[in-house]
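Per-chain numbering from 1; labels A, B, C, D, E and F assigned in written order.
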Amino acid sequence: MATVKFIEYEQASPEVRDVYDDIMATRKTDRVNNFWKALAVQPELLRRTWNGVKQVMAPSALDPLIKELVYVAVSVTNGCTYCINTHTAAARLKGMNDAMLSELMAVVGMANQTNTLANGFQIEVDEPFKDGGRGAG
Amino acid sequence: MATVKFIEYEQASPEVRDVYDDIMATRKTDRVNNFWKALAVQPELLRRTWNGVKQVMAPSALDPLIKELVYVAVSVTNGCTYCINTHTAAARLKGMNDAMLSELMAVVGMANQTNTLANGFQIEVDEPFKDGGRGAG
Amino acid sequence: MATVKFIEYEQASPEVRDVYDDIMATRKTDRVNNFWKALAVQPELLRRTWNGVKQVMAPSALDPLIKELVYVAVSVTNGCTYCINTHTAAARLKGMNDAMLSELMAVVGMANQTNTLANGFQIEVDEPFKDGGRGAG
Amino acid sequence: MATVKFIEYEQASPEVRDVYDDIMATRKTDRVNNFWKALAVQPELLRRTWNGVKQVMAPSALDPLIKELVYVAVSVTNGCTYCINTHTAAARLKGMNDAMLSELMAVVGMANQTNTLANGFQIEVDEPFKDGGRGAG
Amino acid sequence: MATVKFIEYEQASPEVRDVYDDIMATRKTDRVNNFWKALAVQPELLRRTWNGVKQVMAPSALDPLIKELVYVAVSVTNGCTYCINTHTAAARLKGMNDAMLSELMAVVGMANQTNTLANGFQIEVDEPFKDGGRGAG
Amino acid sequence: MATVKFIEYEQASPEVRDVYDDIMATRKTDRVNNFWKALAVQPELLRRTWNGVKQVMAPSALDPLIKELVYVAVSVTNGCTYCINTHTAAARLKGMNDAMLSELMAVVGMANQTNTLANGFQIEVDEPFKDGGRGAG
């Protein structure tokens, strides 16, 4: 059980309702996830986090589905159950199918393995990649 | 300095050279990264890891650039310096520009933040997302 | 279900009871948490861990409530469900209210985000901060 | 070397300078850390992150020094070199001395150990703490 | 509930059955764990992962029980509930008793604590250990 | 550079020298690692940590070399550079050769990969393993 009480729409202050309304309008849904109901214990935290997520996940240099796949990849690496489930569901809504999900997991699994090996042997970064290949000079 | 000696091409056994040749041919380059030179201390580990990476990163249900972005996202979340630098460089070669990199970091940063908040408040997964939205039933 | 059997007070050896008694006396309670009952499978592990926790959490250069908030922050970052719940409860007993908890989570969330960004862009430590600002010289 | 080019004040767009000015004014300093110079590659990321940090670290239900100690604790748990150094320095500026730093590390170290033990034995949360002690009912 | 549907033996394709048969023969059991049933959503991921695990866990320079203890140690450090439970059970089958399990947890807990302290104080690697003691020269 | 000043033997208080002497006698060496010199900023932290490490790493139900391999495995998973280097060196002194190191890394890498996959698909623990196979009943 969550360590704070969820704020339901009916009990919410106008400031919180305002954010809830924006969430539902932006996501074209009539439900507000538990995540936001927990954050609403501090309206400023709710508003700042929602505004951040809304901006970051909007279409831009990267496609929204790609962003969602990245979100799942991070959540899996962190082992966050809430986030894995909700973002896997969100990715499905944006077009991810089972084949894509399993490919994604294959990449995430491989990356976690090779990250470990690179750390384990304390491998020095190759000269040409020392600045992530941006060619500083 | 790495905790094992790198195996250079000249000193490598035929078994190791065979993998090095496949790496260079597949990646259309004439260099073998330090990562593989460290793994070569155990030829079987080298071959299995390279075959895995080669399969996983090949085009499939997901585009190679998307896979590379996911690889960077995982490496950043794990804080693996070697992996961040080499895969950021690889992503640039596959078409990632600075705008895409900064968008990617914005998503990865936001995901790490909201993962934390979901854990911190011990939020229960919403009923409709309990199976990652696959609609078990 | 835990991977070891809990040792209840009634079944405990005198050595284990001795630690249990100290836990209950120090914490002014008549219950021993599951954590200690699991560690009791190895009495030395139980005693050493309890003595460490007792010393570390006692009043010192830092206030016990601050220490408890730090404990929660670490547990959240590690995603340890047992620890988040028990230390959030302990922090409440020491005076943490909902406003403080949500502020704490806001800091922990922000720190996890900026940690990610610093790693992600592989940012060099600024010259004046290279020794954590202790002014080596 | 960072994987993006730092944006120095002289080269910065008015939008970026605006944030830099606010950082220097808020922190009463004439330098902008590398962190912000890297984020400036995407002005929106810079502005959103700075506004978040500024809000979160301001005095509120928790004292700014406590927040800084929590920031260090999270950074240490994540092993983020950049963040450990810069936030340790920031904590010193806000009043942390060596005794407080070593106490802080003692708590962070102990928390990481007991987190591990709780995970390792898969210990169930004690009934009274299942909601972080908030007494749901 | 898992985010993909488990593939049971009866519904499995010949390619998947082939792997399931090898798992059961190698492990001398008549059951296939949920882990493999989830991976079977992508037969190539199933086969590659099983072949890797089979090779890596076979007797070699390290004894199978030692490998299983290491597997548990990593799973505990990552906080992976599925992996902790299944590999603790596997270690028991290979000869681990309660005394060994609690010793293992004591080491894993201590390592997580000292890792934290080494990070927290940003301690430089001692000269003689800079290459993991292999005596490069 | 470390965020605290190292305490050298010559400057150390009798309390600290006492621990340093025990470290050198126990390890049959005439050097004290940087790790202990940093912890000495708080003598109680130094003593408690050293006593813990000494007890935990002593021969018991598990062989000292096995414990050292586990220490390396945890340090690699946490990506702690100081710890990877010093414990790899310590393992070599206790008999680990290159073949064992590469086998160890193969296991650690595989464990990190399968941990990820188990998390990623949110796989339920199989009924017989729910208590780590201890057969509660």
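The rule is simple: a residue touches a chain if its C-beta (ideal position, glycine included) is under 8 Å from a C-beta of that chain, and two chains touch if they have at least 3 such contacts.
For clarity, every value in this text was computed on a predicted model and none was experimentally measured.
Engineer: What are the chains that chain D and chain E both touch?
Structural biologist: Looking at chain E and chain D together, the chains touching each of them are A, B, C, F.
Engineer: Through what angle, between 0 and 180°, must chain A be rotated so its C-alpha atoms fit those of chain C, rounded to a multiple of 5?
Structural biologist: Best-fit rotation on C-alpha atoms: 120 degrees.
Engineer: Counting C-beta pairs in contact, does A-F beat A-E or the other way around?
Structural biologist: More C-beta contacts join the chains of A-F.
Engineer: Compare the CA centroid of chain F with every other chain's and tell me the farthest one.
Structural biologist: A
Engineer: Round to the nearest whole Å and give the separation of the Cα centres of chain B and chain F.
Structural biologist: Chain B and chain F have C-alpha centres separated by 27 Å.
Engineer: Provide the C-alpha centroid distance between chain A and chain D, rounded to the nearest whole angstrom.
Structural biologist: 20
Engineer: Do you know which chain E residues sit against two or more other chains?
Structural biologist: As it turns out, chain E has residues touching two or more other chains at 1-4, 39, 49, 52, 77-81, 84-85, 88, 99, 103-106, 108-110, 112-115, 117, 119-122, 130-134.
Engineer: Provide the residue numbers of chain C that touch chain F in the complex, in ascending order.
Structural biologist: 1-5, 44, 48, 51-52, 55, 130-134, 136
Engineer: If we count contacts the way the header does, which residues on chain E are in touch with chain C in the complex?
Structural biologist: Chain E residues touching chain C: 79, 84-85, 88, 98-99, 101-103, 105-106, 109, 122.
Engineer: Considering the complex alone, what residue numbers of chain F touch chain E?
Structural biologist: Where chain F meets chain E, its residues are 1-4, 31, 33-35, 38-39, 49, 52-53, 56-57, 60-62, 66-67, 69-71, 73-75, 77-78, 80-90, 92-93, 97, 99-100, 103-104, 106-108, 110-115, 117-126, 128-134.
Engineer: Name, in rising order, each residue of chain B that touches chain C in their complex.
Structural biologist: Within the complex, chain B contacts chain C at residues 72, 76-77, 79, 81, 84-85, 104-105, 108-110, 112-117, 119-122.
Engineer: Can you name the residues of chain C that touch chain E in the complex?
Structural biologist: Against chain E, chain C makes touches at 3-4, 39, 41-42, 45, 49, 78-80, 131-132.
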